[in-house]
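Paired with chain B in one complex and with chain C in the other, chain A is shared by the two complexes that follow.
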Partner chain A sequence: MSRIELIDIEYYHGKDTPYEIHALKNINIAIPEGQITGIIGHTGSGKSTLVQLFNGILKSHSGKVMIDSEDIWQKPKQIKRFRYKVGLVMQYPEYQLFEDTVYKDIAYGPKNMGLSEEEIDNRVREAAAFAGLDAELLERSPFDLSGGQKRRAAIAGIIAMRPDVLVLDEPAAGLDPRGRDSIFNNIREYQKTLNTTVIIVSHSMEDMARLCDSLIVMHDGEIAMTGSCDEVFSKADELVKMGLDIPQITKVMQLLSEKGIDVPKGIYTVEQAVEFLKSLRKSKKEALQ
Partner chain B sequence: MKNIAFGQYYPARSPLHRLDPRVKIILTILYIVCSFLCKNVWSFALLAISSIMLIILGRVPFKIILGGLRPVLIVLIFTSIINVFWTKGEILLLEWRFIHIYLEGIFSAIFIIVRISSLIIGTGMLLTYTTTPIALTDALEDVLSPLKKVKVPVHDFAMMMTIALRFIPTLVEETDKIMTAQKARGADFSNGNIIDRVKALIPIIIPLFVSAFSRAGDLATAMECRCYQGGEGRTRLHVRHMRFKDFIPLVLIVVFGTGLVLLNIFAPGFTMS
Partner chain C sequence: MEEAFIKIENVSYMYEENDGFAKIDRYAVKNVSLEIKEGEFVAVLGHNGSGKSTLAKLINMIYTPTSGKIYIKGRDITDENMSDEDIMGLRKTVGMVFQNPDNQLVATIVEDDVAFGPENLGIPSEEIRKRVDDALADVGMTKYANHEPHRLSGGQKQRIAIAGIIAMLPECIIFDESTAMLDPVGRKEVMESIIKLNREKNITVLMITHYMEEAALADRVVVIDDGRIISDGKPIEVFKKEKELRDCGLSVPQCTELVHCLSENGFDIKGECVDVVSCANMIFEALNL
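Presenting the complex of A and B:
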């Protein structure tokens, strides 16, 4: 496990050009360890930029990124160490596949780490299993796989480096609902088994509500909210104001409360809603008797 | 990678930005001709002044212009050194062993510097800095359209150029993304010997080619779906009309060229050998 902390981060896209954009403003956060943290925000709110700071793909113009209380830019030559520590799965990661077999592609990261053949073999098979990739696909060309399988192969390529922190940028973008659910299940299982820190970037509230332990909400390059799902989704009005959607079930609950039913705040999954409605029905019945 | 400003277009509001790109192409050609008309101190001085005026007219920061001159800096230094040491003249300034420096040599070095830099500033200010690449190819198609008479496929060339220009930012972005993805897997592009570095490029080039080809296929299908069949009978979305204002610069450049010739003939001064 590793602890990520960001202190007073400022980041500009295209600094000192006519196209300059102030992408991240005064970011101060600490990512909880051993949990799934969701980063949500509107398109262009700075989510993807933020996660690229975690492993030193981007360097902030001011402020510090600390991993295990160590400034990652202290020794710029050793930045690779943090790339292995914080595994970043980019958006649409299937574009990174290049080897002639899936096996070799997953092995690319571990090979760069300079591991032994045997260790690489272990890791590739383990990573493929975590990513939900059939062992028989390993010998195929990555370009023959379906979209969902390519995505899994790319995710396995990161998991194979056994990072302390796994960061996934929109891991389910462009997948059908079934593919999305199964990728999220794999991620959850991976997190539970190894008890690592996982960070997921998304703008889908529904997915985040089901998957994450805590949330970071970004708006216009700033941290708008942090907290557990309960805390964040109970501020539904603010989320809507930021142009973010709230889970559909939360919307239904809101409508119910507008109709005068006493609905507790912070219901954001269907399971919770079912529980609540059942108890409501029970108390109604008791009231009738 | 993001900082690659292809064609170096600099967005601003200026008379040069507003000028019809077809006029700008013709002006550029005439300006190049003018720069070769210069023969003596006075005409070169006028040329230098005109370049500075162009910079002011185009409202492009001086810093960016200097950046544009940097690639030719070596050429400038080299040619001026050669000119200083190898030009023979009448007024000897310095003599030391085999080195003879004449005043004429110094002048011709200055002339060369002025000529090359005003060539670059002129084309830059008139075309690349003030015209978007797309407007430029459109204008090029118009300017070259007389060649259609002799069966040169001008439209097709212009379309190819437009598509190529259109996809440069996309490909740059894509390269950037793939590089980031491979860096996240520990790829290293800046260390190691030449062979290591070339090898490190494979994980970028292969995905880039794969996606470029699939993009090209998609684009061809999309164009066919919209019944694209070449330039025959095709009209434009934005049709440009020449306004009175657009003719003024053409008159000005003729006056400028005539001025240069007159200065060459009537104004005394150091003449380029």
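Presenting the complex of A and C:
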């Protein structure tokens, strides 16, 4: 468990060139410990740039990134320490597999950490299990795996370093519905078992609604909203203005409210909608009697 | 009877898989028969590895079937004696747009990229000029004609890839998960272009997707599981069988699921819906006690 705080962050792409873009503006956030935090925002809103600051892959032009109250750039030569502490699974991580067996690929991180053979073996097997990868696949070439299996192998490679914070950028992109569900269940299990701080970047509001304890909404390089799923999804109109997609159920509820039904805000799953409509039916029946 | 635009007759495609011990033969597509009419908009659903992409690649002659026949406009494309010219002609008739926008663009300026296809077909330059302008207008990208493709968003890049296909004046376009890597806004832009091409230019569309909400916009949905067609009909008929779809790793749009749940909970809802507007209308009627 670890605490990430960003203080007064400013970041530019291509600083001092004609193509300069102010990618992150005045970012001040603290990521809750031991929870799953979702980061949402349209393409170009700064989500991926933001998560790359967490372990020092990118360095902000001003402001501080604090992990457990330590400024990660205090001693730049020790930045590696924070790379092990904060594990970042990038978008389409399967393109980064390179070893000749899945086992070696997952072992790459722990090996660089200078762990013993025995410890590496433990970690590889444990990480594969957390990522939902069958042990029998470990001796295969990563290039013989299916897309979903490759994704799991890449995630296992990060988990094997036992990071205090696990950051996943679009972990379910391109997977079918069952693959999405199963990867998210694995992440949830992993988080619960180890009480790790998990940060997920995703476009899918439906998935985020089910998975996350709290949300951060990015818009044009700024933090536009933070709060629980209920709080954020109750501002559906604002989300749509920011170019985000709201869950279908929220749209249906909006239409019902236009028809004059008194719909509470923050209904975004099928279960919530069914419960609400059942209670509505009940009160209507009672009123008639 | 009207002749089918694409006719697939008992097609199978087999490949060798290495399971780490021995090579085994596996069917990616097994004894599939399917007819697609001119001007139809067909969505193909299936989980990762179900064989849907293989089917698309068979139609565009990237793969050759192990057995069975495929006809495009009555022409047998599995005929081994077909000349290179015939193959080129057919590839021009059936264009394909792939998943990753970054892998499909070749030029450094948008209009050069769109012109790449027609240039290779040996079309006179005045004609190319016209085709490029028309194609960019069709996808709503005219004002980006002189931009650099790598600076565009994912949705814009995909629309440029589509324009590049349109400039070859195809009669049919196959979209192989062309929205999978896009954000909600990009997905919407691409879907709008696809629908416009189908409705206004009568281009036959075969769209492979993982998104149930996108499939719901087609005239017809074909579901593939384990290399076989297991369901084929209007979206409303296909999504009615929610359990069957879930059994093969797929799902249904949230509003379809909501209506199913409500009817299980004793609500007086008859019929099916695949879009938010009819969903809201059906619920509104059911609530009117």
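In this section, the second predicted complex is superposed on the first by the 289 of 289 C-alpha atoms of A that agree within 3 Å, B and C clash if a C-alpha of one lies under 4 Å from a C-alpha of the other, contacts with A are read in each partner's own complex, and residues count from 1 in each chain.
One rule holds in what follows: contacts are C-beta pairs under 8 Å (C-beta built on N, C-alpha and C of every residue); 3 or more make two chains touch, one makes a residue touch a chain.
Because the structure is a prediction, the values reported are computed rather than measured.
Peer 1: Is A:V274 in contact with chain B, with chain C, with both, or with neither (first, second, both, neither)?
Peer 2: Touch partner of A:V274: chain C, not chain B.
Peer 1: For A:G14, select first, second, both or neither according to whether it touches chain B, chain C, the two together, or no partner.
Peer 2: The first partner, chain B, only.
Peer 1: Between chain B (first) and chain C (second), which, if any, makes contact with A:L88: first, second, both or neither?
Peer 2: So A:L88 only meets chain B here.
Peer 1: Once the shared chain is lined up, is A:Q52 touching chain B (first), chain C (second), both, or neither of them?
Peer 2: It touches chain B, and chain C stays clear.
Peer 1: Using the superposition on chain A described above, determine whether A:W73 touches chain B (first), chain C (second), both, or neither.
Peer 2: neither
Peer 1: Going by the contact rule stated at the top, is it chain B or chain C that touches a larger number of residues on chain A?
Peer 2: For chain A, the partner with the higher number of touched residues is C.
Peer 1: Please output the residues of chain A touching chain B within their complex, sorted ascending.
Peer 2: Listed in rising order, the residues are 13-14, 17-18, 52, 55, 57, 80, 83-84, 87-91, 93, 95-98, 108-109, 112-113, 143, 157-158, 161.
Peer 1: Which of the residues in chain A end up touching chain C in this complex?
Peer 2: 42-44, 136, 139-140, 144, 146-148, 173-179, 203, 206, 243-245, 247-249, 251-252, 255-256, 259, 261, 270, 273-274, 277-278, 280-281, 284-285, 288
Peer 1: For the complex, give me every residue of chain C touching chain A.
Peer 2: Residues 17-18, 20, 46-49, 99, 153-155, 177, 180-186, 188, 210, 212-213, 249-251, 253-255, 257-258, 261-262, 265, 267, 276-277, 279-280, 283-284, 287, 289 of chain C touch chain A in their complex.
Peer 1: Note which residues of chain B are touching chain A in the complex, please.
Peer 2: On the chain B side, the touching residues are 2-3, 5, 10-11, 174, 177-178, 180-188, 202-204, 206-207, 210-211.
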